[in-house]
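Below: the structure, in structure tokens.
The letters A, B, C and D name the chains in turn, as written, and every chain counts its residues from 1.
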Amino acid sequence: MTPVSTSSRGRFIGSAAAASAVAFGSPAILSAQSKEIVIGLNVPQSGPYSEQGKDQLRAYNLAIDEINKSGGIMGLKVKTSVGDDQTTAGVARDNAQRMIDRDGAVMITGGSSTGTAVAVSALCQQKGSLFMATLTHGDETTNQNCHKHTFRRYNDAYMSAQALARTLISKYGTGTWFHITADYSWGWSVHDNLAAVVNPRGAKEIANVKLKLGTTDFSSALSQAQAAKPDVLVLTEFGADMVNCLNQAATFGLTKSCKILVPLVDEYMAKGTKDNFTNVVSTAPFYWQYHQQHYTFAKKFVGAFYDRYKVYPSNGAECAYVNILVYKKAVEQAQSTDPAKLIPILENMQWNMTKGPEHFRKEDHQGVNSVLVLEGVPEADRGADGFAFAKVLEEHSGPNVIAPLNSLSCKMETA
Amino acid sequence: MVALTQALLNGLVLGLIYVAIAVGLTIVFGTLRLVNFAHGAFYAIGAYIGLVVAQNWGLGPALLAAPIGVALFAVLLDRVLLRPFYGKDVTSQILVTFGIALIVEETLRLIFGATTQQYPALAGLATSVSLGPFVYPAYRLLFAAGVIVMLVLVWLFMEKTDYGLIVRAGVRDRTMVQLLGGNIRQASTIVFALGAAIAGLVGAAASPIYSIAPGTGFAFLVPSFVVVVVGGLGSFWGAVLGGLLIGELQSLTTLAFAPAANVIIYLCMALVLLLRPQGLLGESEVIRQ
Amino acid sequence: MILETKGLGKSFGRFAANADIDFSVAQGELRAVIGPNGAGKTTFFNMLSGTTEATSGTIFFKGNDVTKLSGTRRVHIGIAKAFQTANIYPEQTVRQNCRLAALAHKQGAFALEIVRRSERLADVDTLAERAIEQLELTNVADVRSGDLAHGDKKRLDIAIALATQPEILLLDEPVAGMSRDEARKTEALVRKLASSMTVLIIEHDMDLIMGISDSITVLESGRVLANGTPAEIRANQRVQDAYLGGHSEAEMGA
Amino acid sequence: MRVALLTLIGLALFPFFFHAIDGYAGLATQIVIVSIASIGFNFLLGYTGLLSYGHAMFYGSGGYVAALMLIRVMPQHPNLWLAVIGGTLAATALALLVGALAVRLYGIYFALLTLAFAQMIFFVVEQSQDWTNGDDGLQNFPTALLPVGPYTIDLGTPLPALALGPFGNLSDIKLWYVFAAVALLGVILGMRALTRSQFGEVLTAIRENEERSSLIGFNAAAYRLAAFAISGALTGLSGALRALYDGTVAVDAVGIDRSGSFVIYTIVGGVQTLFGPVIGTGLIMYLEAVLSAQISYWRLIEGVIFVAVIIFLPAGIVGTLTRKAAERARQRRALLAESLRARTGGPT
């Protein structure tokens, strides 16, 4: 709420209003005085990304139950306010508003698309509430549309592109590339990032076919790919669309005739594409099997998650889980849920949990942590429940792949 | 050149899928003058019945169970809900069937979850066959052939049976249908069920190509309306022509400028509605409905 | 001549409903158009009223070519029509039916009067009332017109046409389906109207035709068969032939 | 006058009542704003019988143009009046354009043509990244201020919070609510005048019998076009207000679901009624916001309500209530007349 700033913009009307604004302040302060901390969980429970959303919810509930069992945050119980964002910017935004206005949420987290993340981010900036985005991969969340109140731990498209390029070019060289790209901001930014790294190094882009989000029939695009006989076929699709696209690509014999790239994958997409994902190269910020081998904290998390839900956590779930723990850490350090106090702490905080030491970059609030390059393994080798879907080709440390500051167009507000 | 032949082939297959969905829509309109926004729901129900059956007993039984199940559902709908809306103003028809579509979609979401479901891998059918310069998915070709067979059967039904007579009469002149008298109620139920069964069958048969989600029905409803309007509401051959036209148009647009592949069909529909509202092969009599 | 047609024709595909009709009506005349069923009387009327577009020939109204004018525009230059089956606003009262017609006359084809009400236009009511009186509907003026008796419905249809202040009135079978007395009553009303304006009438009721019309045009299979006074037409051999089988001597009113 | 007063009281009490049933101020404001669009939709469906399945194109264009005016035209002095007027005019222009082509069609043909145009607009919006920021939509455009005489009002200013005893505090109501409520009041009164005006009278006639209407000299197409434009204008106004209130507008504002929502709101509330669209909008938006938080299958409930209304309350909630009321009134009058006759005519 910014009545004070407005008063400067011209003669201010209704000083009573100003007074009340001060008196009743932002919900953040309100609920800080009350006996609980409300966190808004804004995740898709319907629509193409609902599987990702449900898995995030599992992780949130796990983290919050653990916290409440061990005495909450600063002795305050953590309560949640849940909403189905339907992967629609408008709905996500309205949910967040409800969580803040009605339920007094002091922090909003979740989401499975960049569109919703950007919308919620903008709202939280207006409302002066904290937003810890979860599954958003588009650059803009911490670049063009970055905000003081928004932190994104999940790696962005730029980082994926860098990681992929490094591994691929060292492993398979360059050659001819054919892109099938989801025709919206995320798809564009992934494609542009990838092209920007591989094309200069000799990769020849034959075509980039952009298809509407929610396309059911990919045959036309896939035939073109087939006719072009590329060395690398990049399927920049996510969720159900990626599953559809890759499965149809297989029936066109493309999984055999060329190297297939899927810039971002998670456990559920891999499961959906069954054996077609074999040998497909992709990236992910977290892979339960790999990280539980290397980090004890991750082992603990994966174990607890599996014990409770009998499934392994997707990388979105891991990000959700860590978001909550990081928030707890920050609040306890600040001894307050007031974003004004929390933001500087989050900007300078280090933590060492599921992936070793990581932090948010002060300038754009992008999480600096590692990116894995994965390669799909045959369905037969994925274990009974099919969650062990890939082997790790390479782990790229955050600082190596993150976008250089001078390339950013992020203009962070002062407050 | 190869790319073009492939595009044309894809357009043909895609077009046949549209035809298959649209044909039920159009004969139902032709006979009952019912604008059925729930037609996509029939597709989805068929797909899910097919999924359940296919997972347990394979695709063959699925292709049998889906149309039967959907037809039964349609009869129920016809008897319980829709009767009073036949011949009523189009607006209330659109509204009630739109509402039914909503309910079906959400019920499916409740039962099967919102996630996209994959048909069990089809041994042998998931392969691709070589067509000279390029290979093509075997199942798509099989599907296309199946659609053609089905269309022939529907056509025979329309030409050779009394019900078919009623359908064709209905397209031209409602009163003539009324004159045919007593069996009209039963006939209309049968036609409605048939239209639904076709959609259900297509739903089950197409799902190995396209995975299914609760929203799939609506995703196919809109294009099939485009097809029917372009071809001419109520006209069998119109649906066929419209479907193939839209299929090729979409496929070729993807080749030329992919982002427009989706919007082009609306452009096409708008042009037809403005220049020849009754559709390419439609009867002008129905326009004011 | 107030209304005139030259070589007027209408064909649907190969079938010619009307062909080179030369036709003219003088100011104040009461002209009947007759002919066996399917002679193309209604098509001819529809072309005059502008609901059907002519495929050949021209229509002149008071010397001006109006062939291309829409039905709506023709109402405003003074051509009004009453339908074969009463075409009214069943949900509205008789008075409101006529008010609408008068309103159309007063405001023109379109007026963006989104705030003011029509009541403010005093003469709308006057014109409506006059039409009601002329058709002797005063005692049912406030009845929902859908509830009227058949005869009253048809008279209301004429009243509506009248309320648009036409110079020429096209009546398509005004007494069709009426009882004897109703028909006579209507006939009297039509005769009264004819004294103040030009009336063009299609009718099967030969007594009526022969009784009231100044002159008669006979159509047969879309063409003009004969023109003349009732007496001449009654005597015309070709007309009688045309009617044989269709209508009997008695119907010809002989 | 009575209507004005009742509406005013209703709008004044709404936030309190809403708060009591677990609603919240932000949603109350959104409901009031979206109601304007529903009223616009209802005017078209109710008075011309035309079912538009593309009204989102007007809602969205209103929103985008309003936002773009703030971003591109007057970032320095963001003026809310100008933004709203700009958005509304844009929507009106679009409506005139589409309408000029569409009003010749009826029923399903009209519905599908409007759908087609809406889809094309959606495509344009989604593709013109540079202007609309694609599917991410436009956010954080300058806060538009409301110059009123010597004052410059920020509608984001919170009203004094009120203690509501058992219901806790009603805080976080902004001046926005007052502004939106006044706008809605104006629209409702305007709509009332419109439907009783000469224009409304002719429109009703055309709907009842178009053939007769054109043969007494009314230009039916022109009337339908005007109605379509008015409907589009109101929808655009609503879209512009919503964008400015939310401080964001994204592609879902031009999407097919948006178009569908106006249909649902209006039908549930009651077509051809003055308050139906408002009630319908409020009810459904409330259910969506509150239910969706608790039950994942809230959309199913929505669907059931919708179909139930179509089948059992074809006149919609408000429509049915008002008819019942009228019915009762008639009976009462009849009884009164009866008793009077009895008294006067009775033996003395």
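Quick note on the criterion: a residue touches a chain if its C-beta (ideal position, glycine included) is under 8 Å from a C-beta of that chain, and two chains touch if they have at least 3 such contacts.
Treat the numbers as computed from the prediction; the structure is a model and nothing was measured.
Without chain D, contact groups among the other chains are A, B | C. Distances between chain centres, each the mean of the C-alpha atoms, put A farthest from chain C.
Chain centres here are Cα means. That of chain A falls 38 Å from that of chain B.
Averaged C-alpha coordinates put the centre of chain A at 75 Å from the centre of chain C. Note on chain placement: the centre of chain B and the centre of chain D lie 34 Å apart, centres being C-alpha means. The mean-CA centres of chain B and chain C are about 49 angstrom from one another, to the nearest whole unit.
In chain D, 299 are the positions where the chain touches two or more neighbouring chains simultaneously.
Listed for chain B are residues 109, 259, 262, each touching two or more other chains. Chain pairs recorded as touching, per the definition above, are A-B, A-D, B-D, C-D. Residues of chain A that touch chain B in their complex: 45-48, 50-51, 183, 209-212, 214-217, 219-221, 223-224, 226-228, 239-240, 243-244, 247-248, 250-253, 268, 272, 274-275. Touching chain B in their complex are the following residues of chain D: 45, 49, 51, 101, 104-109, 111-113, 115-117, 119-120, 122-123, 127, 256, 260, 263, 267, 297, 299-300, 302-304, 306-307, 310-311, 314. Remark: chain A residues 1-3, 6, 9-11, 13-14, 16-21, 23-24, 27, 45-46, 81-84, 88-91, 93-95, 97-98, 101-102, 114-115, 118-119, 121-123, 125-126, 138, 140, 145, 147, 183-185, 188, 213 touch chain D in the complex.
Chain C contributes residues 49, 51, 70-72, 75-76, 80-81, 87-92, 100-101, 103-105, 107-118, 121, 160-161, 163-164 to its touches with chain D in the complex. Note for the complex: chain D touches chain A at residues 22-27, 30, 126, 129, 133-137, 139-140, 143, 145, 147, 150-154, 156-161, 169, 171-172, 175, 246-248, 250-253, 257, 289, 292-293, 296, 299.
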